[in-house]
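Okay, got some structures for you below.
Heads up, the next two complexes both have chain A, just with different partners, chain B and then chain C.
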Partner chain A sequence: MTAPAFARALDTVTRVRGVRGAMLVSAGDGLVVAEQLMEGIKGAAVAALAGSLANRLGRAMEAAGVGESVFWHLQGSEGALLVVPTASGVLVVAVAEPDVNVGLVRLELLRAAGEVG
Partner chain B sequence: MSTRAVEAWTLAPLQRFVEEAAARLVLLMTPAGQVMAQHGFSRAVDVMSAAALGTAIVASTTEIARQLHQPPFAALTHQGERHGIFLAGVATPQSRVVALVVYDLDASSAGLVQLFFEQLATDLRAASPKEAASKQVLAADFERELNDSLNTLFGR
Partner chain C sequence: MSDDVRALSAQLAQDPQSLVFLRLGELLRQRGLLDAAHRVALNGLERHPHLADGHDLYARILADKRDYERAFDEWDMTLRIAPGHVGALKGLAFLYFKIGDLGQAVSHLEAANRAAPDDAGVAQALAMVRGGDAAGAAQGLEAPVAAEPAVASAGPLDEARVFAGLEGAREGLLLLDASGRVLGGALRDSSDTDVTEPVAAYLAGVSQEAARTAKLLGLGAWTGLAAEGRQGHVHLAQPSPESLLLVVRDRSVPMGRLAIIAQRAAQAAQRWLEGQA
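Let's turn to the complex of A and B:
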């Protein structure tokens, strides 16, 4: 997949009202692969912490015997973090307003994850 | 795991970094390989080898950058099967500090180490004495000072 293709995959996520930014993150090393973020969002920090969380969450789910994670939604008082892991080890991450339409963002994240592979 | 420092001002920033980045081994040293602080090492010979190898890598990459007419590389990351290595320099008011970090891939990541290294760099710059202490090193003192440093680093 090429850089423009990554950008197109993120485009569909960032077009949802209330999404402040979207990123592709390498889950294993917590580094940014591609990003489209509003000013003020620390992409490297979000990527590093999302990668770390994916690692720990994966182990917790394995220990609980509930299979692989498909979607996470972390709701904060001033925003939300929504993540869809892909089979290739890339996380599709959206940073959103607290009152964003979670269902719509989830659909777009799953669509982007399908494109990224 | 113990964290010890020859240069006392490096201790608090190093302890914070180790805790946040979940690093397994850390060396803070001068570009000449003189160790300022360490975390996680249990043998002096390992510290000396790691310091020599780390500073040699920095010297090599700095020379490659010079030949490419580039400023020195900011950081170098090597990811192995179970461990990762991160090597980077920080300019402080007193001197340049080289950091060598070894982390377990199941406890940390390149992204986390890079992220918290930025905080370490800020903390070191803030904690560094503003003027270098000018001290003449005599050959006769060298071995004693080396032994004193190793004793401090390993709590002997």
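Let's turn to the complex of A and C:
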């Protein structure tokens, strides 16, 4: 997949009202693959933290018998982190306002994940 | 099938819009035919979605089936439609009583007493709860199901009852301390294996990582972590800064509903933690 294709995949995520930025992260090492972030958001930090949290959460979910993660959502008082893992080991990540339409972001993340593969 | 059930069924078949479904559903419930009662109530509610008595009937059936979470929702809905509905006030009092929240139980009984001062059952339950006679109160509430002996105590919740009265309390709710040690609840996977301890161990790390992520990304204090899995959903919350709550359900439970279940479980856990302090 080319860089413009990655950008297109993220584009529809960032168009959702309340999304501050979206990025593709390598789940294994927490490195940025592609990003579209608002100014002030540190992409490298988002990637590393999302990757680490995804790994820990994945282990807990496997142990609980609910299988692989399809979508997860960390809600904070001042913002939210929403993530869809792909089959290829890439995480599609969105950073959003606290009152964002989670259902809509989830759909766009799943669609982007389908494009990334 | 008894004659009265047959007669009411025939009446309903003749006029599906009729409110006779209320009598038929209640009759089936009283006879313990809960699946049939459930179908009748749901069909009736499809035709009369804003009928308070319909929601009250459905709640009583759910309570009989020990689906207390949904019974709560239905009685809550009943009160939204008809704020002074005595059946719903009594039902909610019963549920609050079951989880040990005597303040809320009394408050709902008082409201029921104001709405129906001649209802001897309400007056009796109120007097008993105020007087600390839990067993008598359960009787007076005319609870849809017999009060379990462990729930009849009016004292503070003990460890085994952190989530008493909540849906899936014995197998889908887990309360941990900050170090991943189990405070209450239990988890079983789809093969019925107890996975409480390994999940608890992994979750301590998740909690710390969630807090770190929220802080470093400027998301404020984290209030919840919800995740969809291929076989089920999980929701994590922090009832207190030193504890972590996990709710696990299969995929049939939507994420939004899971968040509500988690919120109620967190409130129960908070009360329990305060009782331990």
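Heads up, the rule we're going with is that the second predicted complex is superposed on the first by the 117 of 117 C-alpha atoms of A that agree within 3 Å, B and C clash if a C-alpha of one lies under 4 Å from a C-alpha of the other, contacts with A are read in each partner's own complex, and residues count from 1 in each chain.
In this text, a residue touches a chain if its C-beta (ideal position, glycine included) is under 8 Å from a C-beta of that chain, and two chains touch if they have at least 3 such contacts.
All values derive from a computational prediction rather than experimental measurement.
S.K.: Figure out whether A:Asp29 sits in contact with chain B (first) or chain C (second), or with both, or with neither.
M.R.: In the superposition, A:Asp29 contacts chain B only.
S.K.: Quick check on the superposed pair: does A:Glu68 touch chain B, chain C, both, or neither? Answer first, second, both or neither.
M.R.: second
S.K.: So in the superposed three-chain picture, is A:Thr12 touching just chain B, just chain C, both, or none of them (first/second/both/neither)?
M.R.: neither
S.K.: On chain A, which partner's contacts cover more residues, chain B's or chain C's?
M.R.: Of the two chains, more chain A residues are contacted by C.
S.K.: Look at A:Gly51 in the shared chain and tell me whether it touches chain B only, chain C only, both, or neither; answer first, second, both or neither.
M.R.: In the superposed model, A:Gly51 contacts chain B only, not chain C.
S.K.: Do any residues of chain A touch both chain B and chain C, and if so, which are they?
M.R.: On chain A, the residues that contact chain B in one structure and chain C in the other are 45, 49, 52.
S.K.: Going by the contact rule set out above, which residues of chain A touch chain B in the complex?
M.R.: 25-26, 28-31, 44-45, 47-49, 51-52, 55
S.K.: Would you mind writing out the residues of chain C in touch with chain A in their complex?
M.R.: My answer: residues 187-191, 193, 195, 198-199, 202-203, 205-206, 209-210, 212-214, 216-234, 246, 248.
S.K.: Okay, in this complex, where on chain B does chain A touch?
M.R.: 79, 84, 105-106, 108-112, 114-115
S.K.: Quick check: in the complex, which residue numbers of chain A touch chain C?
M.R.: Chain A reaches chain C through residues 41, 45-46, 49-50, 52-53, 56-57, 59-61, 63-81, 95, 98.
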